[in-house]
Amino acid sequence: MFRTLLLNLVRAVGVLLVVSFATYCLMFSDGIGIARAVLGPTATDTQVAARAAELGLTRPLYEQYFSWLAGAVRGDLGSSFLTGQPVTDAMANRAPVTLSLIILTIILTAVISVILGVTAALYGGWVDKLVQFIAVLGAAVPGFIIAIALIFAFAISIPLYPATGYIRITDDPQGWLWSLTLPVTALLIGTIANAASQFRGSVSDALSQDYVRTLRSRGISERAIVFRHVLRNAAGPGLIVLSLTTLGLLGGALFIESVFALPGVGQLANLSAQAGDVPMVMGTVIFAMILILVVNFLADLFVGILNPKSRIK
Amino acid sequence: MTIDQHELDPAADGTAAITGERVRRSPLRSLLANPFASVSIAFLFLIVFIAITTPWLAPFSPNATDLAATNAAPFTDGHFFGADASGRDILSRLMWGTQQTIIACLLVLGVSLVLGLTFGLLAGFYRGKFETVVNFVSDVIMSLPGIVLLIALYALTGPNIPVAMAVFGVIVAPSFYRLVRSVVISVRSELYIDAAKVVGLSDARIIGRHVLSAVRAPVIVQSSFVLATAVAILAGVDFLGLGDPSAPSWGRVLQEAFNNLYTNPANVIWPSILISLTILSFVLLGNALRDTLQASNRSAVLKGARRRSLMMSAQDERVAGVNDLTPAQDVILSIRNLRIGYPTSADDVRPVVHGVDLDVRKGEIHGLVGESGSGKSQLAFSTLGILPREAVVLGGSVFFEGRDLLADKMRMRRARGRGIAYVPQEPMSNLDPSFTIGAQLIYGLRASTGVSKAQARRELLDLLTRVGIQDAERVMSLYPHEISGGMAQRVLICGAVATKPHLIVADEPTTALDVTVQADVLELLRELSRERGMAMIIVTHNLGVVADICDTVSVMKDGRIIESNDVDSLFAAPHDQYTKDLLVSSRTVELKEADDE
Amino acid sequence: MNKTRRRAISALSISLLASAVALTGCAPGGGTSGGGGGSTLTLGMTADLPGLGVAIQPAYQGWFADAAWDTLLICDSSGKPSPQLATEWEYNDDRSSAKLKLREGVKFSDGTDFDAEDVKAAITAAGEVNDRFADVAFDIEDENTITLTWPQPIPTLDLVLCEPNISSSEYYAGDAQDTTVVGSGPYIYDAGASTQGSSYTLTRNPDYWDAETYPFDKVVLKVFTDSTAGINAIKTKQIDGILADASTVDEAKSSGMEVVTLRGVTTRLLITDHNGEKIPALGDVRVRQAMNMVFDRDAISEQLYRGFADPAYQIFRVGSDAYLDDLTEDPYPYDVDAAKALMAEAGYADGFTLQIPFFEGQNHDLLFPYITEQLAQLNIKVEQVNLTGPDAITDLLSGEYPVPLWQLGNYGESLQDIKDYVLTDGIWNVEHQPDATVDALWQKVLTGTDEERVSAQKEINQYIIDQAWFVPMAYPDGFYVYNPDISIPTESDFAALHPLLRDFQTK
């Protein structure tokens, strides 16, 4: 199992390098526009050129990339071209927003989809119909439209929740929860749609395994079969579903942060990319990749623990 | 937005596709019979129609401004959906946006299909290093934060929707790639490709003839889901303001309405509905296509009410005592008039076992023979109440030691394990891979007998040794994947016997085993039966097995028992023509096997 | 979404800088503490600071700079100076040189004393990023007297001296300019209590010479990149004041907030190719006039701006020196037929193609379709060129697009408008084509008496109206909403975009 984990780690680092370089190439510019944006229109061309050089933007692409990489390895992601704010500071400010959003969503997704999916698989009936309905609905209505609908309904028509904005948990825990209710709900519909029907599938798969029939034939109660055997065996695929859902949330969060004006990493990625603020964009990419890495690692780890075949003896 | 993972995950349907290809009766017709599909198709046709005819049909040009109509409410004169903050007609703008949506969809589909199909076919067919490289690239693409990439692209190219959509096509291409590759790999390993190679067809023709046709159905299904994703991502990109502000698009109309939410909230409704309905149509169409093209591995599900009424009438029969009998003293199990069916649609059930009667005497080893599909396994399962979920018992009774198990769920539950035990066909899949051998055996034994853990362990160790497992202690601590098939079958037999049942139902207990082990396991079963005075039903298609160990034999065909007799009489003088054929063919096989050796 | 970016640019030419930064957006908002008057003033900012560097502070929402630093002079809403770090000042005749007597006993927050060397260092540093201070010569008489000399006359010398924030020469000599704040202003930056990008805290400077003007003990600035979030914050009294727009002001009013309405901008097309060098048709005054006649200015104010605007017949601020009070009727009334006739007369009945740059989120999206539509009636085909990414502003000002559409600031001192929009080297006169009449009138401004300066400005205004150098559209309202627990008795902002820090008072 360590081998698998290590292998995946090496692979992830490789992907990280490729992705960061690709992003750098895509965002590469002569730096004049950025320096102009920093200094404003009153600066002369010479002043702008000097600033561009000062920011290190006149160096060749590979040189810029490697100096960025050298810094990144030491944990120094540089500073924003535009505001001079260290990228790590910006990430420290914004990561909690995005992580709050993702973690709350994924916890609720896990709980609700497990309940819905397992119930649907075991008992069928209206729960099953509900799961199928949510699956289609969640697949059909993009998250940002759900978000707009929620704002329309619960912030404007019936002003229950704030339409936008974020309150830090350290400032006001209740306000924090309040400010995240609509955004998380908007994300939840999509994630539950997917996860619940996947859970339903994996529980159904586990239920139709041969050993379940054999267990039944031994006189073991249905309850014990489900809780001891079926859920245990459906947990592996379920974890994979959750890890994929978490990764899917990265993209989803970008839209949701935009609609609800949450000052998170997704919003930063959007704004910085449009402005050509390469260090900030790279910061957000690193954030995303680290999250992917961690989630995959945890998924591998837990699946490994659950699955005796990959367990170390 | 969450790109729906399960839609883009081809693994779910990759292999099912091959069987789907066998559905040959006009897929289009059965597709249109599905109301969701036909409505979706109609709606999508309407969208295409609007896209083509907008230049003539749209009430206004997309950017025509009418200052008097700024923020006009829906259904006002001349502006059916209202007008936006610049006084532009929303209906017209949405109609003009349709063209862009369709072009973007085609672009995404085209790019992803060409890439996914090409690389999937090549990688699946040739495998090797090429496949490894393409797999890596595909993994990298799939792990990219796609939307961030699109935004970075925007910094480079500005608002350029065609380029963005082409790039998105690349981003989703792996979903086709993985799908096509997995289908090709499984098709490739099937015989007919080897045969084609022997015949001397060129690679190109093999790909063209066989592989493409196998890949077609899943690709069509996946395309529908990719199109749904394309509509969503296009709207999303436009909504984020990355699209061309001078061109009308659904996402932009939505964004403009959203920015104007406090002034004119109603305007967000129209683009939201339009975008959602379009995606919904593709999703529903995709689901319907999957059902139609890949239907054969999905069983029909009976309506709950219908199932209940069938079960009630079967129960009424039992209560009325239709099947009642006074069995002979030495009969342990008698099945009377048992009928089992499977649903063919929500309302219809096709019977597969038609009123079977069967008696098994104490200590008797009873063979149940027949070809696959004859209903012999159904019969065996029904004695334990372990029929598959969708199966319906249409009538009849199973009397075990004089009591009808089918009449009472609790009675059936009590009989399982203690009264009747089961030895399955496929040993490996009948052990839970997540638990050690010892854990499963001990838990099973305690569940039906309630002995202490230590006691159960002691008994099982003895029994394991008895069934021929040396080093039983160590085997108890192993996981199923760590032991051989033959050993697994011994473990399962041990599990069945441990509770000291009076009847064992063994479903093809040796079929999955090595020829060398088969005889040992049969011998073991016979010995255990003798030692403990257990009756046994052995379900098999192999008359050799019957000849080896059975006392009595029943022959099943098409859900009926056509002949039942003691082994010697039946082998000596079969009455039924089918039995005779069976005997002849089995001898031929034996001869052939002898030749091969 | 777009709202995020929609904030700032609503104006301003002195701080197009701010607009550039606004485009990049940034910074988390939120927070709950404080608010509600008392000794802490909590203000919302719709855009983050461009950084902590003294030389790059914008005037737009420049409360941080107001608090942390002093300037040499301080200008009021009409551009009239009063003493700040300079207590006395004297200009030479052509206004190319200023002799300043500096305030004594002022200390910077790094503990050093303020003197003439600091002024020299500050102006030199400003010159590195700002053309206006690039070639200043210094003559230090004693530590409290300095003379600044420009190579050319500066008619807006008052304004120029009100501009640069002054830090200590030690600060300029050091290498921590991006990360530390050293000033002599009424408040001192508290880095420990601030989170760059989301909130900035400044505490009272105990040694400040003009403490009465600043009644609050503490100033907290919070960033809200989204206008709706900002309005929510003020509604719940998390902050004491913030900029609003026409779509959110009603929301704030209905929850009991006070509103200051400001008229700091004029929306306009700038036809800078007066000589027809890029597009020959634009060299014909009749074409430019015709372009003025296809816009229904009343309808624009009433419909597009939903009444939150007045029609603009000239580009200058009402009441400024250049403003023509008697111009109460539209000099180019809405008359499409007459416009068509003018085009035909000029020989351009078939029109031409015009590329107009478009910025996402600059309030152009409201007006752009209408402009496209109306100019199309003159067969002028508008091609929308979307400017994006880091080079957008460079492209906009490059002269590639001779007729930009922008919502630009109008000033209490109309000289500034003329400098930026009318003179050959004006930033926004993007084709930079010389014009003899304007140059001659400008000479009068430079050399004339006060009265002549005023009348020359009015003449320039009349000239550019006759020549149709602009298509003025509207004076849209800007809004500043604030908590009724504080008061805003004065409006000192020369750009009329929002109250300055010194305008905020306790009740």
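Worth pointing out:
We call the chains A, B and C, going by the order they appear; numbering starts again at 1 in every chain.
By definition in this document, contacts are C-beta pairs under 8 Å (C-beta built on N, C-alpha and C of every residue); 3 or more make two chains touch, one makes a residue touch a chain.
The model shown is predicted, which means the values in this text are computed figures rather than measured ones.
Central chain by Cα centroid: A, whose mean Cα position is closest to the mean of all protein Cα atoms. Between A-C and B-C, more C-beta contact pairs are found at A-C.
Subunit B has its Cα centroid 30 Å from the Cα centroid of subunit A. Once the centre of each chain is set as its mean CA position, subunit A and subunit C turn out to be 40 Å apart. We define each chain's centre as the mean of its Cα atoms; on that basis subunit B and subunit C are separated by 66 Å. Counting partner chains per residue, subunit B has residues 154-156, 239-240, 258, 262 touching two or more of them. Counting partner chains per residue, subunit A shows two or more touched chains at residues 258-259, 274-276.
Within subunit C, residues 1, 3, 5, 388-390 each touch two or more of the remaining chains. In the complex of the two chains, the subunit B residues touching subunit C come out as 63-65, 67-68, 70-71, 85-88, 154-156, 158-159, 239-241, 244-246, 255-256, 258-260, 262-263. Of all residues in subunit C, only 1-3, 5-6, 247-248, 250-251, 296, 299-300, 303-304, 306, 358, 360-361, 365-370, 372-373, 384, 386-390 touch subunit B in the complex they form.
Against subunit A, the residues of subunit B that register as touching in their complex are 1-7, 12, 139-140, 143-149, 151-156, 228, 232, 235-236, 239-240, 242, 254, 258, 261-262, 265, 268, 272, 275-277, 279-280, 283-284, 287, 304, 381, 384-386, 388-389, 413-418, 420-422, 424, 426, 429-436, 443-444, 447-448, 479, 481, 492, 495-496, 499, 505.
Listing the residues of subunit A that touch subunit C in their complex gives 29, 32-34, 36-44, 47, 50-51, 79-80, 82-85, 89-90, 93-94, 97, 162-168, 171-172, 175, 179, 258-259, 261, 263-264, 267-268, 271-272, 274-277, 280.
Of all the residues in subunit A, the ones that touch subunit B in their complex are 11, 15, 18-19, 22-23, 26-27, 124-125, 136, 138-145, 148-149, 151-152, 156, 187, 190-191, 193-194, 197-198, 201, 207-211, 213-221, 224, 228-229, 232-233, 241, 244-245, 248-252, 254-255, 258-259, 269-270, 273-276, 281, 284-285, 288-289, 292, 306-309.
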